[in-house]
Structure formats: structure tokens, C-alpha cells
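Chains: A, B, C and D, in written order; residue numbering restarts at 1 for each.
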Amino acid sequence: MVNPILFIILAAVAIAAAAGLLLSRDAVHSALYLVLNFATVAVFYLLLNAPFISMVQITVYAGAIVVLFLFVIMMLGAEKLRGAADNVPGSEKIHRYIAVLLALVLVGVFGYLVSQNSIGVVTQNPAIDASPQALGITLFQYYVFPFLVTGVLLLVAVIAVAVFGQVRKGGSINA
Amino acid sequence: MPSVVDINWYIALSGILFVIGVLGVLLRRNAIIVFMSIELMLNSANLLFVAFARHLGSLHGQVLVFFVITVAAAEVAVGLALIVAIFRTKKSINIDEINILKG
Amino acid sequence: MNWILTILTFLPLVGVVAIALMKQPEDGSGDDNIKYVAIATSAATFVVSLLALFRFDATNPALQMVDRVDWIPSWGISYFLGVDGLSILMVMLTTFISLVAIIGSWSAIKDQLKLYYGFMLLLEAGMLGVFLAQDLFLFYIFWEFTLIPMYFLIGIWGSSRRVYASIKFFLYTMAGSLLMLVAILYMGITNGTFSTPDLIAGREAFAHAQNILFIAFFVAFAIKVPVFPFHSWLPDAHTEAPTAGSIILAGVLLKMGTYAIMRFNLPLFPEASYHYAPLIAVLAIIGIIYGAILSFAQKDMKRLVAYSSISHLGFVVLGIFALNDAGIQGAILQGFNHGISTGALFFVVGLLYERSHTRVMAEYGGVWRVMPVFSAMSLIIVLSSMGLPGLNGFVGEFTILLGSIGAESLAPRPWIYTAFATTGVILAAIYLLWFFQRIFMGPPVTETVKGLAPLKRREMGILIAFLLFIFWIGVAPAGYFHLMDSTVSALVNDISRAALALTP
Amino acid sequence: MNTFSLAPLIIYLPLAGLLFNALFGWRIVDADREVGERVTGWVATLMVVGAFIVSVTLFLSLVSNGFSAWFVPMFKWIVIPSANFEVNWTLQIDTLSVTMMLVVSGVGSLIHIYALGYMKGDMDYSRFFVYFNLFIFFMLILVSGSSYLMMFVGWEGVGLCSYLLISFWWYRLDKEGKTANATAGRKAMVMNRIGDFGVLIAMFLLFWTFGTLDYKPIFDGAVKMFEANQMVQFGGMSLPLPTVLTAVTLLFLLGVTGKSAQIPLYTWLPDAMAGPTPVSALIHAATMVTAGVYLLVRSDVLYEIVRQSGALLLGLISTPDLVAWVGALTAFFAGLIAFSQNDIKKVLAYSTVSQLGFMVAAAGMGAYVAAMFHLITHAFFKALLFLGSGSVIHGMEHGHHEISHGHDGHGEDDGFDPQDMRYMGGLRHKMRVTYVTYLIGALALAGIFPLAGFWSKDEILLHAQTHQTPIFIILALAAMGTAFYVGRQLIMVFFGQPRHAAAEHAHESPALMTRPLVVLAGLTVLGGLLNVPYLSAAAAERAGMHAKGFWLALEQWVAPSIPALELAEEGVLHLPHTPISVSYAVAGLSMLLAVGGLALAYLIYRGRPKTYDEPDRLSRTPIWWWSILPLNSLHMKILVPGFNRMAAWLAFKFDGEFWSDFLHDRVLRDTFVSFADFSSDVLDSQGVDGLVNGSATVVRRLSGLLRLTQTGYVRTYALAVFLGAVGLLVYFLLAAG
């Protein structure tokens, strides 16, 4: 049973954090907003009877990925990145308008879906066992192959990163 | 105010987050922030997955989220590596300056 | 699952991955490491193939060490590897020649090493797949797959007209195999399986269309061999390819054609094989004589060896379509021999080319005086290619011709075919000795020839390896025949029974 | 331990020698010329001497074994179980093979010793001995193999050695700057290969007829099948045995004409004189060229069955008769050609062709023992003659060397050729040993009593006279011709006055070279004893004289290895056999002819030519024209250029310009391209001009617009993706709603 008030507060925080990410000039700030957003969503997960995913969200997203972002930002020099902030040349405006227009269309679509109210109450079904144990059983019962493929994917990613990370003599990648 | 939080609330929240993410991708030129926006979009989708998992009383949604997180991690790693590599060459991560595909 | 053949096939890919991950600093300091990895991989593959050879039971005619897993079960496609008397020698040839070719490229290839060795190993994996796959679909994949690395090997590291040659090579072989693909799909869908043994067991299902199917298969393979009218791509490809490419092309790729004819055409369409045998034998004989005469007229030494391949492969095809034990066994062994002798000849030519940068024979002469050891070894290789008794070429040619004169498939006058084919033996002496005389004999005239560097230890080692096989097969080939005897005998019995069943 | 088990040594010893020299010999020679030459040369020589000793042992073993054949298996060779094909490396030690072994290794040893001196100081000293040992190796395989296939190994192998040794001095250029020596070697190999073609096909036929290639089972089977009148069936054919055997024997004849230099393939042998003289002596006179005769004698049963069956080739002639005719005609014409030769070695070469013709004719007439007998004596005296000529050439070269270095300005390049007999003359005073031994050899060749040549030639003539008169006449004329050119040569070389300064300064060769001459001369004098009727036990017995013959005659010795003789005794075959004997009429006639020939030569060439540029006395007579009409010109002027032109045409015009460039690149590829062009051209310029132009413009404009979308900006692309995604979403909603 989720208290609607709790939901609204959390949702507001999440949306605010996302907006902050979007609007912030400084990439470091953006990253911090991102953490906030992730954390909020993690709370949602807890509320939605997904404790394990919640923890993963915290550790992987907030812990690893955002740290990675911060790391790269620091490595490339945060102040330089600020210089790359958005100033809008004339020809780019149309681009922006289209983007915003599309976003509005999308919002409309979502709104339409919600207004249909055809799906029902989220807590209709009783909460099932979503302990890490149960999750693990489901994972390995139904998703062994995707699991392995994901492993390979990670491996490939690791290799790719290693390759990209090489510094060649003459310092050029084939760009 | 409705007394029960139903699935539509989550759809709405998730939609809003997703659109914000989309706007980030489309409007920002800082490649790192573009990436963060992508993460945001993925996150909104995850939220919806978990909500529906709760809604339908099934664990499969959660498992899917698990996979998405994994893949997202991989993607971020590769993407950031690319950004670093590009930065080394171009001395910039402004995605508008990366336009060798111009026809 | 037996795994050994799977490991054998995919082991070179491990090397590819390793090479892909290696650094290649531009000052060339990492070059040797890449070469070592490539050599180590192909050596390991060779060792695995030796293991397979030791585990091979020559008395068993059936497929051995089978690895079979369903792949696309709804279509009857499976991952199906196996080896028998038809292929065991080809597998050994592939691993040996690949190893030699990779070692032999040590100093010949100087740029884009990673790519080069990667392609070489990919090619090796592809070729092994061709010889081991027992599922037509899988076979087709490997068959086409070998085109790609070879295309790049010719196209990137070839000499002046490499682009023309590589495209010609690619289009030619590609065009042929498309017909085969249609035939494969037809047979596979008719029978609900793509596995060769099952298809052979159920060959009645497509017996009514077997003439057309036979031609579709044969044309694809004949282009690869190449049988006479389809030979046009070969001299260009050989001439323009880098040395190692030529060695592999002559040593293994051409054998894929003859092997596939034995593996698929004969058992799948026995009556058609009998029906078309005289026609194909005529083409083969034209190839023998035509290739030999053309070879004689060449001024470019690589072209000469290339045309000689057409002549030699004509013998192999003739042996196959004798459709008896002696002919087919001779054909297999001659395929192996040709891989050794012509591979060695290309290596010899490559050594000269690497030192003097010309392939025109008129610019040589008197190499013997400058490089006596090398010349003596070359002489033996030339003689082996000529079919001198006591060396390997003779055993194969002799057995093939012996089979052809007693061939029921060429009745009623098989001796006419044999008589014409045997003239190839005379012509071989004419063009090979002329080749030898122009390059090695006479006083050394040009400065290039006088300044030829002596053999390096590595090159000497490769030549000795070739010579070992040349003498071994020449003096004691019984073991080689033993390897294939039971399989070939079963095959011959099978097709002759099938063909007899049909004739009234 | 059985002494026969030593037999493989005759093969392994030369093999060891050649491996030693190939691997180490050249290094030793490079390191120290003096020591190196001694080591390599003697290693090679001793190996051959060793082989000779083993041969003698085998001879003794055979004698104690009652002459019956012994088989020594070594190891497996070609074994194809499913095709029932099995040929192994097995040695057949019988009287025939041991005879050949003795000749090969015996004469071989002597010539090796000679070569030690002859090749001294040559650039490629060790290479020469490698080849020489290789030759002995292959020759012994040839004669000792137990199957046709093994014989074929030796057969081709000696051909190879012949090639290698003829082109031994491949770095020398002739007057036109061509590598003539290498070309001569190549010619020999190719001609031999044409013969080998015959032998190969004959072997295939034998295998499918008898299911084996071993001699003994083939001969047994042939007789059995012949008696049972069985048909031969294979490859969908069914043929009577004599037909198959006619083909086989004809094909063997082709092989013989290649290897033993008979018409029409003899042309390689005179060119083969480009090799060093020991080579000419060993390979092109004493041993290799006799391999053809050996093959004929070996295959006696096959020939006799054909003769017996009366099967005719094309309804004209039976193959044994053809063999006899080929041999006789070769003997005659080659003798004729020798008249016009001025090169000392070419005379001997044509003489060899001619003498081989005698042997082949003998074998063709069924006189197998006589053929073998002549083979042996010929090996002695022809080796002697060649070595003698080598000694002469050696002397001439040294003489020339002396004058061109001793006196300045004298004897400058005047086209001098140390082998040309016109530059010689009067050498009998300069080179005593050479002269005497050469004289003995020459007289033996001419067939003068009591030298070896007389006895063996007499046997052949006697047999011909008894059985085939036309051939007898031809052979008798050939014998006279032989005496004539021998006389001419003797006069031109040794008698008269020196016609060139080089001949004046010539002197005797070193002892290492003359000693073998002496030994061979001894053999030439005594060689006739091998088969002299008076001493033979068998002949004595036949004559009913109980005075014991004490000599093991060749006939008696070789007979067990010639199954046809035995079969004739059993009455299975009717061999036209002539037991050894002497017909005084024939012997007298042949002496008369020989002396007549010599006398004629004396009359014509006495004191001639006076100077080296004087034309030959016969050069205006018809006989001269006959003798310079060799097949050679047909070969060199028509066949070779013809082949070259055909090959060039096929390669560059047909395959290059037509097949590849025209058919593939032009017709196939360009048709496709022009089809594309055609369709666009037609649409473009004819008829629907405006439409097409318009559409082209539209396309161009459109593409120009589209090009704008390809900004290269990532965001533009992302926007496009997003646009598509939203579009789809809306579409689904609408479709669902």
C-alpha cells in the first residue's frame, strides 16, 4: 500500500532532479542530480516490492555508473566541459522547436494513456515473494541463456574499452 | 485526490522522466550530459517495468530490469571510453563538432 | 560430442582474437609478437590435427570423432563435424600448409600485420570447416567464408593488378556456389535434413532431379578446382596473390573443390556421376594438356606454376571420375601431393621474388651458381611436380592413370582417356625443365641474380619440411593409402551398386 | 645368414655415397680443394666398388644356389588393398639381374676411377660424383627390381641422371650465347619421357590384365592365360590376350626407342655428348642406354607369346618382328650417319645408337642371349672407346692450352674445337697408351677376330642368318659400315700428320685415366670368352663331345632368367632359338666385311684430310647426303619451333586475349555493363527525353535536399530517430484505438 502523498513527494523529487540534470550548466551538477534521481527511483522500487532491484539500483547506478561519469568529467577537466555549454546559433533553433514539440506529443500520448485508466490498480494483486532468492530462481530458471549472453556482452565491452583506451603513437584514432 | 496509487501514476511519472531524458538527449550538446540523459530514459523504463511486475504479480519484470541495468553499465563504459578517445583527438566533447558523417 | 574437431576448427579463431587485441606500435617493435602468436596458433592447430590423426581409425569407413548438435532443428540443420578417409589427409594438409604459409610470410609481409595474420588464421579456420563439416548448410557457410579472407589477402597484399584479380576471384567462385546453394536448399527441404549421411541415405527422394543437381554442385566445385573452361580466374589470382596466399590457394583451396566432388557429388548422385563421367574426364584431360602447354609458354614464373596447377588438378579430377578404388585413392593422394609440391614451388618462386622483385624468368638465369643449396632443393621440388618415380608426384599420378585405364565409368574405351592423360607426363617434363633451365641454369648474368642473398635458416627449414613429405610419400606411400582405403572402398561400392541398380 | 640378404647393399651403398657427397662433399671441397677432391671422389668410387663386390658375392651365391632366382623384400611401397594393388620394394636376384649388376658396377667402378682424374679441378667436382652415384643407384634399382614398377623407378631415375649429367656444365654458353648444354639435357629427358609414356601405359595394361606388376606372376599368368585362350576383361572391355600383349609390347618398344636411342627417338643421344666424357662412357654407352635391351630381354615371354599367337599389328607385322626391324634399321642408318660426323664423340654416339640397334634387333629376333652378350661386350669396348676419346680430348685441350699460353699470338681463336677430329691427326706418337687401347676398342667395335665384339656380333648375325634373312642383310651391311667409320676415325685421329698445333702439343693423360683404359682393353680382348662356343660346357655337351667344357658360358648362365627359353624346351613356345655355335660361313663373312670396311676407309682417308679445313672426301657423294639426313632436323627445325609457337598462341592469344580478356572481361563483364548503359541510353536520349531529363533533375534536386539532412550532427540523427519512435507510437495508439 503506497501512500499517495508519499508517491507525490517522491515523484516530485524525481522529476525535479531530472529537470535539474537537464538544465544545469555544470556537468558535475548534472551528475549529482542524476544521483538524486536514481536514489528516488530506488525508493520507488522498495515501495514496489523490489528490494533486490532497489539495492542494485543504488550500487550499480548510483555507485558505479555515476562515479564513472564523475570520473570522466574530472579527467577531462570540468571547467572545459562548461565551455561546451549550449549557446544556440540561429539555425539550431528549429531543431530545438521540433524537439520540444515532439516531447509535448509524447507527453500527450502518455497523458492519453493514463486518462484511459484502463489498466487498473497497481496493488490489486497480492505482493509476491520478491526476495533475492526468488529472483535468482526466476533468473536461472528462465533466463540462463540471456544471462550468459549478457556476460559475453560485458566481456566484449571490457575488451572494447581496453581497445579504445589505447594511446597510439601519433595520437590519432582514425577519425 | 485518489486514495490508491494505481499503475497510471507510475506510467505518468515514468513518461515524464522519459520525456525529460529525451529532451536532454536532443537539446544538450555536452556528450556526457547526453549520456546521462540516456541513463535517465533507461531508468524511467525500469521504473515502469518494476511497477508492472508489481501490478501483475510476476518476477519477470524485475529480472528484465536486472538485465537492463547490466547492459546500461556496459553501455556507459563503452560510451565513456569513446568520449575520452574522441576528446583526445578533437579536444572537445561537443557532439556538434563530431560531424564526419556529413553528407 | 567429441570436441576434438570443434577445437581443431575454431582454434585458429583464438589466435585471431589474440592478434586483434595486440598492440602494433608504428615503429614495428611489436611486429614479431604478432608473428609469434600467429605461428603459435597455427602450430597448435597442427598439433591438434595430429592428435586427431592418431585417434583416427583407418579401418573404419564411417565418419569419426563426430560432433553433432542440432542447430536449426526445424529445418533439419545441425552443427555436424566429422572426419573420414576422404578428409583426414586434407585436414592434415590444411594445418600443415597453413603453418608453413604463416611461417613463410615472416619477411614477405611488412604492413598491416595484424590484419594479415588475422586473415590467415580466419582462412585456416574456414578451410578446416570445409573439410570437416558434414552438414550441407554448415559446409556452405564455411565454403563461402573462405572467400572473404582470401579476397582480402589478394586484394590488400597482392601485387600490381591485385584488385582486378581479387574481384575476379571473388565473383567467379561466388557465382558458382550460388547455383550450389539453390541445389542444397532444394535437397535439404525435400528431405528435411541437411546432414550429408542422411541425405545420402535418402537420395531416392531427389533422384529424379539428380542430373540437374549434379551439375549445380559440379559447376561450383569445378570453378574452384578449376576444371578446364572455368580456369580463367586462377592464373590471375595466383599471380597477384602474396606468396603465402598462392601457397594456400594452390595447396588447400583448390583441393576443396576436388574434395567436395568426392564428398557430395559422388555419393549423392551416383547415377549422374556415372552418366557425366566421360564428359568430365574429357574436360579433365583437356585441362591436363591445355594447362601444360600454356604453362610452357609463360614468361612469368608464378603464372607458369599457376597453369601447371590446372594440369595437375586435371589428373585429380580424372582420377575421381574413374570411379574406382585406384582412381579415387590416387586422386586424394595426388591432391595432397599437389598441395606439397606446388605449395613448395610457390614458396620457391616467392623466395626468389622476395629477393629480386621480379617474376619475369628472362631476368633470372644462373641462380644455381649463387644459391646452390636452394637450387638443389628446388630441383627436387620441380622433379616431384614432374612426377619422377621415387618422389610423391609419381605415386599419385600413377595410381590415377592406373585407375583410369580400368574405369568402368569410361567404358567402352577407357584406354583412350588414359593415353591422352598420360601425355601430360611428357608435357610436364617439357615445361618444368624449361622453367628450371631458365631460372637456375646458365651463367649468372644480371646483378640482381649475382647479389641474391643465401637462404635463411627459417626458409631452409620450410623447404626441408616440404622435401620430407616429398620423399616420404614417394618411397613409402602405403600408410597414406591405408588411411583412406576403407572409406574409399565403401564409397566405391556404394556408388557402383547404386549405378548398377539403375542400369537395366 | 644368407648372403642374398646383402643384396640391398648394392642400392644402399651408392645412396650412402651420394648422400655423403651431397651433404658434406661440397663443403669439404670448398674448404680444401686438394683434400676435398680426394675425399669426395674416393668415397663415391669406393661405394661403387663396394656395390661391385656385393654383386660378385651375389654372383657366387647364385652359382651355389643353382642359378635359381632369389627375392629380397625390403619394404612396402604402393599398397592399395581395395584395388588389389600391391607393389613393394623387392629385389630380384637372378642371373640376368646379377649380370647387369656386374656390368653396371664393374664398368661403373672403372669409369669412376677414370673420372677422378678427368674431373680434377672442375668447379663442381663433388656435384659430379653425387650425380654419378645417383646414376649407379638408379641403374641398380632398374636392374634389380622384381617388378616393372620398380624397374620404372630406375628407368626414369637414370633418365634424370642423364639429364643432370648432360647439362652438367649448364653454365657454359655455346657460340650463339645459348645454354646449349642444358637444352641438350632437357631434350634427352623429354625424349626419354616420350618413351616412358609407353612404358607407363604398358604397365597399366599389364596390371589390369594380370592383377600385378611383378615379373614372375605376370609371366606365369601370361602363359597360363595364353594356353587357356582366356579373354582379358577390364574397364568394360573384353580383349583376347595376344591383342593386349601386342599393345603392351608395342608400348615397351616405344620405351626402348626412347631409352636405347632407336628410331625415331634416337636424336637425343648425339646431343647428349655435351656432358663430360665419363658420362658419355658410363651412361650413354655402357649402361643406361642398354636398359631398353634389358627390358626386352626381361619381357621375353610377352614377346614370344605375341610371336607365337601370330597377332599382327594393324595386320602388318608382329611386334617382335617390328622390334627386330626397328633395331636393324637403326643399326644401319645410325652407322650411316656416323660417316659424316667430325666430332670424335658424335661418331661414337652414333656408333652406340647403331650397336644398340644390333642388340634390339637380336632381342626382337628372339636371340636374347646374343643380345645380352653383345650388351656386355659393347659395355666393355664402348666404355673403352669413350674413355679413350676423353683422353684424346684431354690431351688436345692441354695441347691447346700450351700453345695459347706458351707462344703469344699463336693459335688465337680460330674456332678450335678439342673434340673435332679434323684438328687431330698423328696422335699415336703423342699418346701411346691411349692409342693402343683405343685401337683395341675400335677393332673390337669393327668386329675383328678375336676381340670381344667379333664373338657377340657374330652370334647376332648367325641368328639372323638362320631365321630372318632380310634382317641379316641389313645387319651385315651395318657391320661393314661400322668397320668403315671406325677406320675413318682411327685414321683421322691417330694416323697421318697433326693438322693443328694443339695436336702437335698434345700429350698423354695422367695414370688415373689411362689405367682404367688398360683394364677395359683387357676386358675387351678377353670378353669374348664369356660365351665362346668352344669352351662352353653346354655347347660341348650338345656337340656330343664328352670332352668336358670347363667354362660357364653366358648362355647357360643367363638361360634360367629367360623363361621363354625354358618354355621353348617344354614345347609351350616355339622360340626361334639358336644355341651358341660358330658357323664358319657367317664368321668368315663378317670378318670379310669388317676387314673390307676398314680397308675401304684406309683407301679413302689415307693421309686425308691434309688440313683441318679440307672438305671431307665423301662430301660430294650421295652417301654423304644420306648420312646428314637425320631425324634431328625434323625434331629441331619443325617439332620444337612448332610446339613453341602453338604454346605461345594458346597462352597469349587463346587463353589470354580470347578466353580471359575477350570472353570474360569483354563479353561477359562488358555485356553486363553495356546492358546497363544501353537501357539508360535508350531511356535517356531516344524517345522519352524530357521525361527522363526531368526525372533526373528531380532526382538531383531531391538528393540535394536529402543531402542537407545528412548534417553529420549526431543530434540531428537522434532527432530523426526520436521522430520515428514517436510516429510509430502514435500510429499504434491510433491503430489500437
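The rule is simple: contacts are C-beta pairs under 8 Å (C-beta built on N, C-alpha and C of every residue); 3 or more make two chains touch, one makes a residue touch a chain.
Computed from a prediction, not measured in an experiment: that's the story for all the values here.
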{"item": "Chain D and chain C - chains in contact with each", "value": "A"}
{"item": "Between A-C and B-D, the pair with more C-beta contacts", "value": "B-D"}
{"item": "Distance from chain D to chain B - Cα centre to Cα centre, in angstrom", "value": "87"}
{"item": "Averaged-CA centre spacing for the pair chain C and chain A, given as whole angstrom", "value": "56"}
{"item": "Intercentroid distance (Cα basis), chain C paired with chain B, Å", "value": "54"}
{"item": "Where chain A and chain B are represented by their mean Cα positions, the distance between them in whole Å", "value": "4"}
{"item": "Shared-contact residues (touching 2 or more other chains) in chain A", "value": "95, 99, 102, 106, 109, 113"}
{"item": "Overlap residues in chain B, where contacts from two or more other chains coincide", "value": "22, 26, 29, 100"}
{"item": "Residues within chain C bordering two or more other chains", "value": "none"}
{"item": "Chain pairs in mutual contact under the definition given at the outset", "value": "A-B, A-C, A-D, B-D, C-D"}
{"item": "For the chain A and chain D complex, residues of the former touching the latter", "value": "95, 98-99, 102, 105-106, 109, 112-113"}
{"item": "Residues of chain B touching chain D in the complex", "value": "22, 25-26, 29, 95-96, 98-103"}
{"item": "Complex interface listing, chain B residues touching chain A", "value": "1-13, 15-24, 26-30, 32-33, 35-37, 39-40, 43, 46-47, 50-51, 53-60, 62-63, 65-67, 69-78, 80-90, 92-94, 100"}
{"item": "Complex contact set, residues of chain D against chain C", "value": "22, 26, 75-83, 85, 89, 149, 152-153, 155-157, 160, 163, 167, 170-173, 179, 182-183, 185-186, 189-190, 193-194, 196-197, 200-201, 203-205, 207-208, 234-237, 643-644, 646-648, 650-652, 655, 659-660, 663-664"}
{"item": "Chain B partner contacts - residues on chain A that touch it in the complex", "value": "2-4, 7, 11, 14-15, 18-19, 21-22, 27, 30-31, 34, 37-38, 41, 44-45, 48-50, 52-53, 56-57, 60-61, 64-65, 68-69, 72-73, 75-76, 81, 84-86, 95-96, 99-100, 102-103, 106-107, 109-111, 113-114, 117, 119-128, 130, 134-135, 138-139, 142-143, 146, 150, 153-154, 157-158, 160-161, 164-165, 167, 171-173, 175"}
